[in-house]
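Please find the structures below.
Two complexes come next, and they have one chain in common, chain A, joined by chain B in the first and chain C in the second.
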Partner chain A sequence: MVDSVARRLLKELKDYRNEPNPDLIELSPISDDNILIWNAVLRGESDTPYEGGQWTLRIEVPKSYPIHPPKIKFLTKICHPNISFKTGEICLDILKTAWSPAWTLQSACMAIRLLLSNPEPTSPLNCDAANLLRCGDFMGYESLVKMYTQLHAMNQQDNEESS
Partner chain B sequence: MGGGEEPSREEIHDGSTTNQEENTNAQQNVESSPNLPEKPVNAEEDSSKETKKILDEKSNENTEGTNVEQAQPEIVDNAQAVSAPVTETTSVVNPSPGPVEAPKPEDTANKDAAHEDQVKFQQNLEYEISIKKEEAERTPLVCISEDIQKLYQEYEQGSDVYRNKIMKLAERHNKIRRCRGDGNCFYRAFGFAWFERILLSNNLTILRTALDSLIATKTLLKSSGYQPLVYDDIYDVVEEQMKAIERGERDDSMLLAIFQTDDISNHIVWYLRVITAAYLKKYRQEYEPFLEFETEMDQYCSKYVEVMDQEADHIHVIALTKALNVPVEIAYMSGSDTMEQVNFHEFYPDNEPAGGNITLKPLVLLYRPGHYDILYRKE
Partner chain C sequence: MATQIFPLLMLADVDGLSYKGFITVKIQLENIKSLKNAKLHGSPELKRLLFGHEKALKQRLEQCSTLTEFFESIMTSVKREPIPGESYYSTLLTELDGIGWDKLESLDPLLKILTLTLNDSSGRKHKISISLPFSYPQKPLTVRADLPPSTSKIPNPTTSFNEVISFYLKEFEKFQEIWSMLDDIDANTWVLEPDKPKRCDISRRIALGNHCSLYVKLDELNPKKICDYTLFGAENFIAPLKTNLSKNFNNWNLSFTVRQNLEKILEIHFPSPETSSASDFNVACGICYSYRLDDVIPDQTCSNTKCGQPFHQVCLYEWLRAVPSTTQIYNRLRGDCPYYNYTYHKRQLSPG
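Coming up: the complex of A and B.
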């Protein structure tokens, strides 16, 4: 079934290249030899504390894709209640139990981008960011996020941090 | 932002009960942005393997889920092992600039304890899910057919109501074929029964009609807004199986083997799911009133229809039978009912039996609370 995974992924790649997505600056396999590992680069949404930042995501596609979801994590450090600061792990249901083959790598990345501006502090992976929100300290939260955006996501060289 | 707590869905459950736990777990609903197809974005738990790995390897601060009441002793040790590194994350907040107010005192004080509880809860949940999954996986995806007496034997120690109903059922039905209770049993039972009915009919007209209905679903999917790239390959798998019957390459045991193979079987199940979703979307005005809390149909489909392991409701059955023009009868057997008869619900598509002179005999499924199996009617 690896062939069918490759076929689907090539279709997705072609689809992305035919219609470039300004919010998703990059989406492609990291090398020609392995189509199961991809990089994506997300652009932070305007009018959010993530504005101006660019984050690299690492996507690992299982051989049972698209029946099973891809594993996606942040390589670039990001401060967000539902993303682990240390490992870049993302807490998002469509990457776990709510996945369906109707999603694509591109739409999954866009769902992650949407998560950035819609945090859910009740199921945190980054408790400190979540606690600021839970206390209603939006100003503190925003400045914390902005600081990490400037620190890690404003400079392209920093994007290639290893995990 | 939508509501935090998910309303637990009380309708028909087939298969395992894990969905209930998932639904009561804290979730989030994020309104769709114009850039995305309308999809709910929820935070949920990991699959057990993933998290266990993460917890073991990285001692990560993985603390999803907020309900802490269901602690089980078995995995407390693990929970304690991961509670320590939680404090490390506090360093993240220290360099924060700007006027960060001090968190409420009880937050800081209870933080470690709360995290520990969250970790415990999460692990318990995963433990439960993995046990249930393991249990379900002992049953093949689709089983060999059995005499209906086997069903009777299941209730020999159980309720009279069930035994009486099975006796009644046995008057007209002689066999049952079980399907795995993994949340997909309606679709899998439907899929197998449909393919089997076509195969055994040995009738080219029936086969061609089925193939035409299948081909027509591609138009339905496209008109309901699905990108061809998400269903093309999966459609091909289903069509190939239908064509293999046409070429005379399938017999009973091969069909069973195919439906017991994870890959092909799940592709067929998912294709039936997406047909169901596409039909519900196309006729949303008709079916949206049946959804709870004015749920929007796109959102409903992406949460409960398109997603594997999510159980099927009444409207799913209606949609699938209509979309494929396949008549289905479902025997509803519940122990609480005082009636001695088994109720049969008929799901006949609109143009049945008027359309065409040769029609497919209805597929017969058995529904017991939480689960679907296939029934065989005496010839």
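Coming up: the complex of A and C.
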């Protein structure tokens, strides 16, 4: 079974490299020895408070992939009602019960990117951000998100460039 | 001294007159200084290895001044490949001169296996490989060629290259028609299997699009007909093709090629390499993304025509078993297609 997981992941990697995705700056295993742990870098959507930010995601692929979903979390701090600020855990149905083998690591990352601009404040992992939305304080919400984007998601880019 | 180069060789007596070694060689010397008239005793294995070299060994025993030197020469005798017979090389040269060197494609370093390239009457190139025994030309050669199963066997014994060539040129003619049928299929359709068709392959799996494919096997005795066919794919898509097949099968016209007949009978045009690309026929399993999994091809498909996604039975079973909404009715699992959430039927695998 592990063999077929590796084969599928290699195929996904090849597909991603053949057709680079401008919204997903990076998608690759973190080392050559282990194809089950990947890093992805998301670019924030323009015209949203996430514009200009870049977030690193850690993807852990189970040996039973693609029958079971990959575990994806944010390594870069992000402010979003459905993402834990502390652990980076993501609350998204396709990563849990709604998973299907039709998803790929790439499409799952793109679904996460879509979640950023479509928050679901009724099932929050970040209550502070969710409460602002539930109260209807969109301006407050946007400025909070923008602040954290500038604080964490843009610094990281600077760090990468300087290193 | 001898024991330094042959560490497994040991003195067997205090006088230094006999030695024993790993391959159980025993040398009896008459005197320490020369090897003259020394006697060599060996195990049956060694005897078999050195069989045929007795004369040479005796000669070497007389020539060599030290034991080490002698053992080194034995080692080369033991290691060396058996020597071809006296007339081996001269016959090989004469034969090659006879057929013309231009036909020679390759020759292995031991001059034992040679590959010839032959052209048949339609200009197709064929490679045949000839292996020669050491005792050639006393013993016959063996030939391997890439030909369909109904090829007759080369008469035994055959020693002459010219005989081989004229035999195979005659054989090639038998398959001209089937090969032109197969070439026509290869040139005008997407062949999924075999991966790289060889001349011995007389069956093809042709891509039809929509994850469907048609397997055909040509009839060697009647090359313009097919002796076996199977349609793979989503039932909704292949059902009309099956109807067409049974309706039109009697209209098979021997003046057309197999491909033309198939297209007329199925009332479709096969997607051709000119108008489509390989990615249009994604026949890989939608779960493991590979085509062959333990040599099994995806044979289950989503029953929705818009989807038709193929799966390996094993992969689909794993998936349906993992989904809570899957229901089981008798020995069938029923669940949602991972791709389009359409109801899908699948036979359950035998338990265990």
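One rule holds in what follows: the second predicted complex is superposed on the first by the 156 of 163 C-alpha atoms of A that agree within 3 Å, B and C clash if a C-alpha of one lies under 4 Å from a C-alpha of the other, contacts with A are read in each partner's own complex, and residues count from 1 in each chain.
In the analysis below, contacts are C-beta pairs under 8 Å (C-beta built on N, C-alpha and C of every residue); 3 or more make two chains touch, one makes a residue touch a chain.
None of these values were measured; they are calculated from a predicted model.
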Fit or clash - chain C, chain B, common chain A: clash
Contacts of A:R8 with chain B and chain C, given as first, second, both or neither: both
Which of chain B and chain C A:E89 touches, first, second, both or neither: first
First (chain B), second (chain C), both or neither touched by A:S100: both
Which of chain B and chain C A:L144 touches, first, second, both or neither: first
Partner chain in contact with A:P66 - chain B first, chain C second, else both or neither: both
More chain A residues in contact [chain B versus chain C]: B
Overlapping segment of chain C (options 9-17, 207-215 or 261-269) - the one that collides with chain B in the superposed model: 207-215
Chain A positions touched by chain B in one structure and by chain C in the second: 4, 7-8, 11-12, 64, 66-67, 100-102
Chain C contact footprint on chain A (complex, rising order): 4, 7-8, 11-12, 64, 66-68, 100-102
Of all residues in chain B, those that touch chain A in their complex: 1, 4, 22, 26-28, 30-33, 35-37, 39-47, 50, 54, 58, 60-66, 86, 88-90, 92-93, 95-101, 103-104, 107, 111, 115, 226-227, 229-234, 237, 262-263, 266-267, 270, 273-274, 277, 302-303, 306-309
Chain A contact footprint on chain C (complex, rising order): 286-290, 293, 315, 318-319, 322, 338-339
Chain B contact footprint on chain A (complex, rising order): 1, 4, 7-8, 11-12, 15, 23, 64, 66-67, 71, 79, 82, 84-87, 89, 91-94, 96-104, 107, 110-111, 114-115, 118, 120, 122-129, 131-132, 134-135, 137, 139-140, 142-144, 147
